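Order of writing sets the labels: A, B and C. Residues in every chain begin at 1.
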Amino acid sequence: MLRDITLGQYYETKSKLHELDPRTKLVGTLIYLISLFMFTNAYVYIFAASFLLLCVLISRIPPTYMIKGMKPVIFLLVFTLFLNMLFTPGEVIFTFWKINITKEGVKQALYMGARLTLLIMGSNMMTLTTTPTRLTNGLERLMGPLKLIKLPVHEIAMMMSIALRFIPILMDETDRIMKAQLARGADFESGNLIKKAKSLVPVLVPLFISAFRRANDLAMAMEARCYHGGKGRTQMKPLKYRPADLLAYLVLILYMTAVVLIGKYL
Amino acid sequence: MGIIDINKVTYEYIRRDEDGNVEGITTAVNGVSLNVKAGEFIAILGHNGSGKSTLAKHINALLVPEEGSVIVDGMDTADEDKTLSIRQTAGMVFQNPDNQIIGQIVEEDVGFGPENMGVPTKEIWERVEESLRTVGMYEYRKKSPNKLSGGQKQRVSIASVIAMHPKCIVFDEPTAMLDPKGRREVIRAARALNDVENITIILITHYMEEAIYADRIFVMEEGSVVMQGTPETVFSQVDMLKSYRLDVPEVTELAWELKKAGVPIKFPILTREELKEELIRLGKR
Amino acid sequence: MERDKSKLKLAADHISYEYDKSGANRHKALDDVSFEVYEGEFVGLIGHTGSGKSTLMQHLNALLKPDQGTIWYDGQDIYEKGYDRKELRRRVGLVFQYPEHQLFEDTVFNEVCFGPKNFGMDEKQSELSAYAAIKKVGLPDECFYHSPFDLSGGQKRRVAIASVLAVKPEILIMDEPTAGLDPKGREELMEMILSLKESEGLSIVMVSHSMEDVAKLADRIVVMDKGHIVYDDEPRKVFAHYKELEEMGLAAPQMMYVMQDLKDAGFDVRTDVTTIEEAKEEILRIVT
């Protein structure tokens, strides 16, 4: 059922990677993403891919599961590849009808493909090994310094975690409302775009009303339990760096150095 | 003095039209006075729209009376400095099981209240464990609330309130959205809190069967308290209850019918056991 | 229970259904279920949350398609090529739980017109049909041009039910129509539903948790547990299995327990009693 979909699809198992502090993983992912955009170099991609493979092995997530995670973006990926392949000028190696395929185009497409694949898998790695709660917790702590410029960091994190809690409920509700309107003869499929958009009114109005009602109830429930913003709040699960995190940061520094070296000299 | 002292409270909702002009005023609570002693189990009955939920929200300082006063454990709800202590003293369980769980895992939800109160981390864990054990949900502590039944969700919400160590809990129609099994679970938990932990319970409901265990019952109609007393006194006035769009428990109704048919049966009767005894006394084998 | 096969309207024929077939939360909600609805009868469908009754309900008007088995309506297989399933949805009206949460129009009247218009009635027909439906559910005339959102909970629910009645269904399926209403509201709504059955000749399937309500109204009770139909019989025969019902998280009507208590105490009374009226008669027999 829709209710069972969770954003970021946490994969439950025990591994060194799961145990790392979410801040370490957030920083690590950021570094990894940056490393993918620093150089357009086949060796760098091979190195980055091996690093990711290593992480997958440590995380004990079945590689097939990782690959399955690519499914939703496969269209985007293929589309980008084609665009790159078709519209990059250069030495023609192949002509099909009116379209020229160039050597540069193929190369560009391959690079782009590798970069995108690693990018998505890399960020999936983070969400697969970290629960949404820990992730928002980590974000809140990492963004902590931004409080100085009056950014409501705690509130943003709280909003994110509430959204994560309610998205499955609202999706379930959408499903129910759609079915109820179908039972009253609503038709969500036929007609042109405008007609289709109009046919969603009977779903959206009740959905919004319900979302507001829930928000109202929830605000009251939070207040009743003494919620008054981040001030004076303690944490049930405070984040604490452990020796493993230190090691992880070291590995990240080494990884980045290696990427720079490979990118510059190979 | 009691733990809750509601003194001539009036609360009005102002209805406005689309341009913001006042369209009318609905008096949700109208001069209600009500006193609850520590350790009591109180039930408030009333049909939908009788003002009972509005009254309940006053006990937790979610609403502040326009006229009159609400004193919770010696603290006036109108005093803003006391708001947090009042909410900690008088916890609240609401109707919709989905809309009051904040955490994404059961234990995190139970920890939410203590976190807000600034309880040290170690103690939060102790409180969470103890509260979840009290309602029998400890083994579900790592589960997502979305995977629980309605009754289980409400028990989590009860645990979340207990973790704040309240002296009093207001249950605002906690069983309205549950199936019979869930209803039993929740009422059992509420009664146990009253019996074992000696927490004052205020149960708002429109299921008559849930009110028979109360020490005292208040019946609300159009914002006022129209009947009050022990379950025996309240449920013996069958016709009056029905005129307030309420009912009596099925066994009480049966006894009422028998009495009307001329059977010299004791009245009222609230439980099956009582009825059985009476009929054995009266019956011819 | 004897039934006149010529009056069979709707039949679920050995249907099975599984949720999340390829995912981690795979579970079988219906397992080889057969269920029938006859002309003009009132069927109570009971089972605790998660027993599969909502899933079954959604199969009956083609909102879900069974993995195995099929649904027959008036002797036709609804999954046969060319079968008009939209028309089926009109004939089999479905009222979900808390139906007032699906209201969206600006007036009660427009809300109730939504269904008839969708099912291809012209303006005039729709309005006549909506008018009749609003009357049938007992809403006062001054409600017509109110916003449905300004009504009380019980009235909103009536609007929602009217919006299904307006499409002139032959079978009305309702999921816990009285949930969340106060005692008087429950009683009034039950009376309204009963009058619908009598005046319109509708077949009604009512999902309910209230054994008392079902006992009072249903000609037949179907009990579901873990995706199976466990009992399908007249009320008193089903409730005779009260011990098994309890194991499924259900119960028999209160009055049956009262009579059982008396029987255990050595009185010679009937125990297949479900309503207060019947219990009174039985008890008067032994006390006077």
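Following the convention adopted for this analysis, contacts are C-beta pairs under 8 Å (C-beta built on N, C-alpha and C of every residue); 3 or more make two chains touch, one makes a residue touch a chain.
Quick caveat: nothing in here was measured; it's all calculated off a predicted structure.
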Of all other chains, the one whose Cα centre sits farthest from chain B: A
Contact-richer chain pair (by C-beta pairs counted) among A-C and B-C: B-C
Inter-chain centre distance, chain A versus chain C - centres from mean C-alpha coordinates, in Å: 43
Cα-centroid distance, chain B relative to chain C, in whole angstrom: 30
Chain A, residues touching no fewer than two other chains: 4
Chain B residues counted as touching two or more neighbouring chains: none
Complex interface listing, chain B residues touching chain A: 57, 60, 62, 84, 87-88, 91-92, 94, 96, 98-105, 107-108, 111-121, 124-125, 128, 144-146, 160-161, 164
In the complex with chain B, residue positions of chain A that touch it: 3-4, 6, 131-133, 161-162, 164-165, 168-169, 213-214, 217-218, 220-228, 232-238
Residue numbers on chain A that touch chain C, as the complex places them: 1, 4, 176-177, 179-187, 201-202, 205-206, 209-210
Chain C residues touching chain B - in the complex, by the definition given at the top: 48-50, 152-154, 179-185, 187, 209-210, 212, 249-251, 253-255, 257-258, 261-262, 265-268, 276-277, 279-280, 283-284, 286-288
Interface residues, chain C side, partner chain A - complex: 19-20, 23-25, 58, 61, 63, 86, 89-90, 93-94, 96, 99, 101-104, 114-115, 117-119, 149, 163-164, 167
